[in-house]
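Only one structure is covered here, and it is reproduced in the block below.
For clarity, chains are labelled A, B and C in written order, and residue numbers in each chain start from 1.
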Amino acid sequence: MRREPLERLILPAGEALTLFAILVLGGLLYTAFGGSARDTLVSQMLVNAIVVLGLQVYIGNTGILSFGHIGFAAIAGYAVAIAAIDPAFKRVFIPEAPFGLAEVQLDPLAATLVAVILVGLVAFVIGLGLVRSGARAGAVAPTMITLALLFLVYEAARNFTDLTGGDRSGLSFGPGNSLQGRGWIYLALGLSILGARLFRESRPGRLAQAAREDDLAARASGIDPGPPQMIALLLSVAIVAVGASLRVQSLGSMTPNFFFFSYTLLTLAMLVVGGRKSVTGALLGVVVITAGSELTRYLASDAVSVPGFDWLLKEGLSDVFLGGAMLVFMIVRPDGLLGDRELGDRVLLRLRSAQPPPDATEPASPPSVPSTLTVTGLSVQFGGFLAVHDASLQVRSGEIVGLIGPNGAGKTTLLNAITGVVPASAGTVRLDDRDLTGRTTHRIARAGVARTFQNFRLFPALPIREHVEVPALVAERHRHGGTGPDPLGLLVAGGLWDGRERPAGELDTGTARKLELARAAALAPAFLLLDEPTTGMNEAESAAMIEHVRRTAGSVGAGVLVIDHDLHFITRVCDRIVVLDQGRVIAEGTPEEVRGDAAVREAYLGTSADRSG
Amino acid sequence: MLTVDGLTTTYGSIAAIRDVSLRVDAGEIVGLIGPNGAGKSTLLNTTVGLLRPSAGRIGLEDRDVTGSSPDAMLRLGVALVPERRRLFADLTVVENLQVAGITVPSAERRRRLEEVVELFPLLGRRRAFPAGYLSGGEAQQLAIARALMSGARLLLMDEPTLGLAPALVDTVFELIVDLRARGRTLLVVEQNARRLLEVADRAYLMRTGAMVAEDSGPGLREREDLFEVYLGVEG
Amino acid sequence: MTQLVQNLVDGLGQGSIYALLALGLTLIFGVMHLVNFAHGELITVSSYAAYALASRGVGWGLIALAVIVVSVLTAVAIEFLAFRWVRGASEFTMLLTSFGVHFVVAALLVMYVSPRPLNFPKPAWIFDTVALGGVTLELVDLVTIAVTLVTLAATGRVLRRTMFGIALRAAAEDFDAARIMGVRSNLVIRGAFALSGVLAGVAAVFWLMRTGTASPTAGLTPLLFGVIAAIVGGLGSLGGAILGGMALGLVQVFLRSWLPSDVAGLTEGLLFVLIALLFIVRPQGFVTVRRAERV
């Protein structure tokens, strides 16, 4: 992690500054050729950009579709309005305000700070609820929870008229009381772009992105998605709160409808059209949608008449444009115009490509204190079906143990039980004297048990290098404190160095399996559990895998438990083999012993008619 | 009756089966054995139209049926008994049979249902049972009965004895032989290679996506090195 | 005691509407894995049909028929124009697609019909009451419940006795196995949307009877409750959807009657708090649906 500061701090900061400059200069240029209407438009666009950046920080990095962020915006908007409006006006709108709020006046900066803190507290509570509901990319529960928040805030705003002025009057800033000039907007925008961009490169940002791509694989790499998601949420609502504060001040008034469904549509469309996974994408979406909205509004206005098209150019066209844009993009290009590319990607790529490859990771000296993974009497029950029955085995550091058996024998289930993906109904799993039975997947990974998956699970949008660098982040904190092997060396050893910037979604099976192996090894585990690492490989690749598994395991000093059906591969790579059939261990021994075992032959080939039953 | 020629099916960039050919003549039982991951299921699924091949040809008698949809193949008389049966657990036995006969006009469907129930009296006694409550043996019978509903002459069976107790394994193999006696043609994938080779007229051995051996049933069964060839541990 | 019975009937009357919507949503989710937030558009578009006819004095029997037909046509149109293209896409994409459809339809109505709500006359008997065993009940609740029960029974019959219904249930349980059996996927999905259109149409009739308003957001509130009811019911179980809808209606009515009158406006708000809590505590709903994930 030595050259990190340049790539993860300076370059993104430069990018953020450039994006800021483009927006500001572009806005000034546009305004220079028009009147005050243009001026307002640009201000609104910049404020919307801040809110959308807030959305991007959460939705983009975690993949969780939140509908409630505008609800947070509403809370912030009201907090600022109530705190900052001159008491002279407040007494008109909300004379009955509780806690004597009608008499309070804070300057807008202080009011915004109050709003951010308030919203942060609410978001923290909601965030806990989201984690509890198992929030992850694509889940419906967090969308419903956040949607409930949006409606709740809306209803509360409409009903607590003492505090908010409700639907009818709302709250208004008097003349001279609202936002003057754009100084604050520029400041907030610049900080928001910087914050969003840096978060994307930060540790919690990267962990959240891994979990977004594949929740289970992330957990198996030692990541607990909860804390990074919470951090993303808090940062995102802080940015949204600032944006909401500026919006209220520049509009000069506040009613419940300002922050409800139509604003949600606007900001989501902006986020999605440009590309929700990148900051540049989000900002591009803001500009494109603003331009499109303005154009459709202009066309639909009375100022324009196109013969033959007047039936189309009516009021409401801009909403059709918004909804239609979102719809079309979801169908045709769900990742948006930019996908997840950032402005500085080319520069970054050139920098990174120039980097010389580190040495391939060499076999480490065996750990001074060898470990043992002991499974005793493990049973796994699904409903009434016993998938694994009283299975016991042991793996020691440095050895490679094979787990074989016919289809449906329970091999993957056994692996899943060891790694906490399914609960064991009986038996124990121990790593030396640590009891791992029943623990969560990410804790087991952090304890030193890493795995690969039968239908490999990579992080499709993330580049190959990220697959080893992220577990290394986890390993640094939870495994060895920075004394482990260089993760990039694992890439070199696996022949993955040349394509290291490619997104993992483009890989063929052979390469994907090697990458999964490298990712597991990057965790610096004590044990590697491999589930069918040669499935989908041709004969040559399988043969090469033999040496590759040995080298990788040797380089991190791990013991290996490997499931596979290719017995050519198994007999050559393993020191010992355990045979499973119908959930039970039926044989154990060296490859020769197992090959000659009649019970094993029967399990694979079946029995003849005269001997069945 | 069925010819498969140079078939290749890919998942993304992986070739699950590569350049595979086989032949099934009318009235035979053809066995397909091999270790897991060999591509046997993929071959059956591609033949019946669930998967599109990227290369190769599937011929049914004189017709080229490559790339046909499953319901078209059913109308041509080719039915699949899927791996792990995939019964509709919430639907009753009768409803499962009715869905399986959806490509057949309703009068004939009713007639065939009665025929099938005669063939499997056990199912007849359980008409209104949700299929999820059937025992393993009854479930397998239902799975085969479903394939018969469409009037299929060629049955593709994917691991019909998977998960069944030894006594039921006997019943299933008896059924397979009985179906041949009634004029059906069968292509059967089985884990229980030895039993299958005892009843198969001919058999193929697949490994890692390719066809590795072909012989008559008894011929393949008698091979000394069957285990080694099966698992690829030669040399 | 009388209050209790009245609340019960009132709650079931409301709940019937939610149950019908939830059932339609569950059917669609079963075959497409999509939570259809555009389902409310069926009610919204129907509201304009109701306005067109009711304001001309057409009888409510005919209006009901028209509403159901419009609802079915809208459902099939939405599937054909939008959802057909996102089959098998990620859940994020499908969710946003359904929201996109919602916004486009609402905007089109604003453009081509009217942005302001349009009122139309409710049926003459809407405020009538019936005395049963000493308790005064609203006629509209009883009619809603009765018609809903008939509709549910008819739907059950379709699902159980017709080949379409059996094929639909099979596809909802295991889409690929249904294809193996020869079921045609396009027909099943389109049929599911059409059936959900019938259910939503019946729900719309009673909703519109009570509100008497046509607006671009007419379907939003009932949709929300329908979605909640469907998810509460576990999103895969038809029985669960019906129970969820009824339960939701009851909770809503009882909350409103128990809360002190000055806070009564907050019923909706409180309901949302409860819903949020529900999803936090039991995100998979109350009815367990078999759904294994291959690791």
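As a working rule, a residue touches a chain if its C-beta (ideal position, glycine included) is under 8 Å from a C-beta of that chain, and two chains touch if they have at least 3 such contacts.
Worth saying up front: this structure is predicted, and the values here are computed from it rather than measured.
Undergrad: Grab the C-alpha centre of each chain and report whichever is closest to the global C-alpha centre.
TA: Of the chains present, the most centrally placed is A.
Undergrad: Across all chain pairs, which one has the most C-beta contacts?
TA: Most contacting pair of chains: A-C.
Undergrad: Would you mind pulling out the distance in Å between where the CA atoms of subunit A average out and where those of subunit C do?
TA: 33
Undergrad: Compute the distance, rounded to whole Å, between the mean C-alpha positions of subunit A and subunit B.
TA: 42
Undergrad: With touch defined as at the start, can you tell me which subunit B residues reach subunit A in the complex?
TA: 11-14, 16, 35-37, 159, 162-163, 166-167, 169-170, 173, 190-196, 198, 208-209, 226-227, 230-233
Undergrad: With touch defined as at the start, can you tell me which subunit A residues reach subunit C in the complex?
TA: 63, 65, 129-130, 132-134, 137-145, 147-149, 151-152, 155-156, 158-159, 216, 261, 265, 268, 272, 314-317, 319-320, 322-324, 326-327, 330-331, 334, 412, 416, 421, 453-455
Undergrad: Which residues of subunit C touch subunit A once you look at their complex with the stated criterion?
TA: Its residues touching subunit A are 35, 82, 85-86, 89-93, 95-97, 99-104, 106-108, 110-112, 115, 220, 224, 227-228, 231, 235, 265-266, 268-269, 272-273, 275-277, 279-281, 283, 294-295.
Undergrad: Given the complex with subunit C, which residues does subunit B contribute to the contact?
TA: It is residues 48, 50, 69-71, 74-75, 80, 82, 86-91, 95-96, 98-100, 102-103, 106, 146, 150 of subunit B that touch subunit C.
Undergrad: Any idea which subunit A residues touch subunit B in the complex?
TA: The touching residues are 406-408, 508-509, 532, 535-536, 538-539, 542, 565-568, 571, 595, 601, 604-609, 612-613.
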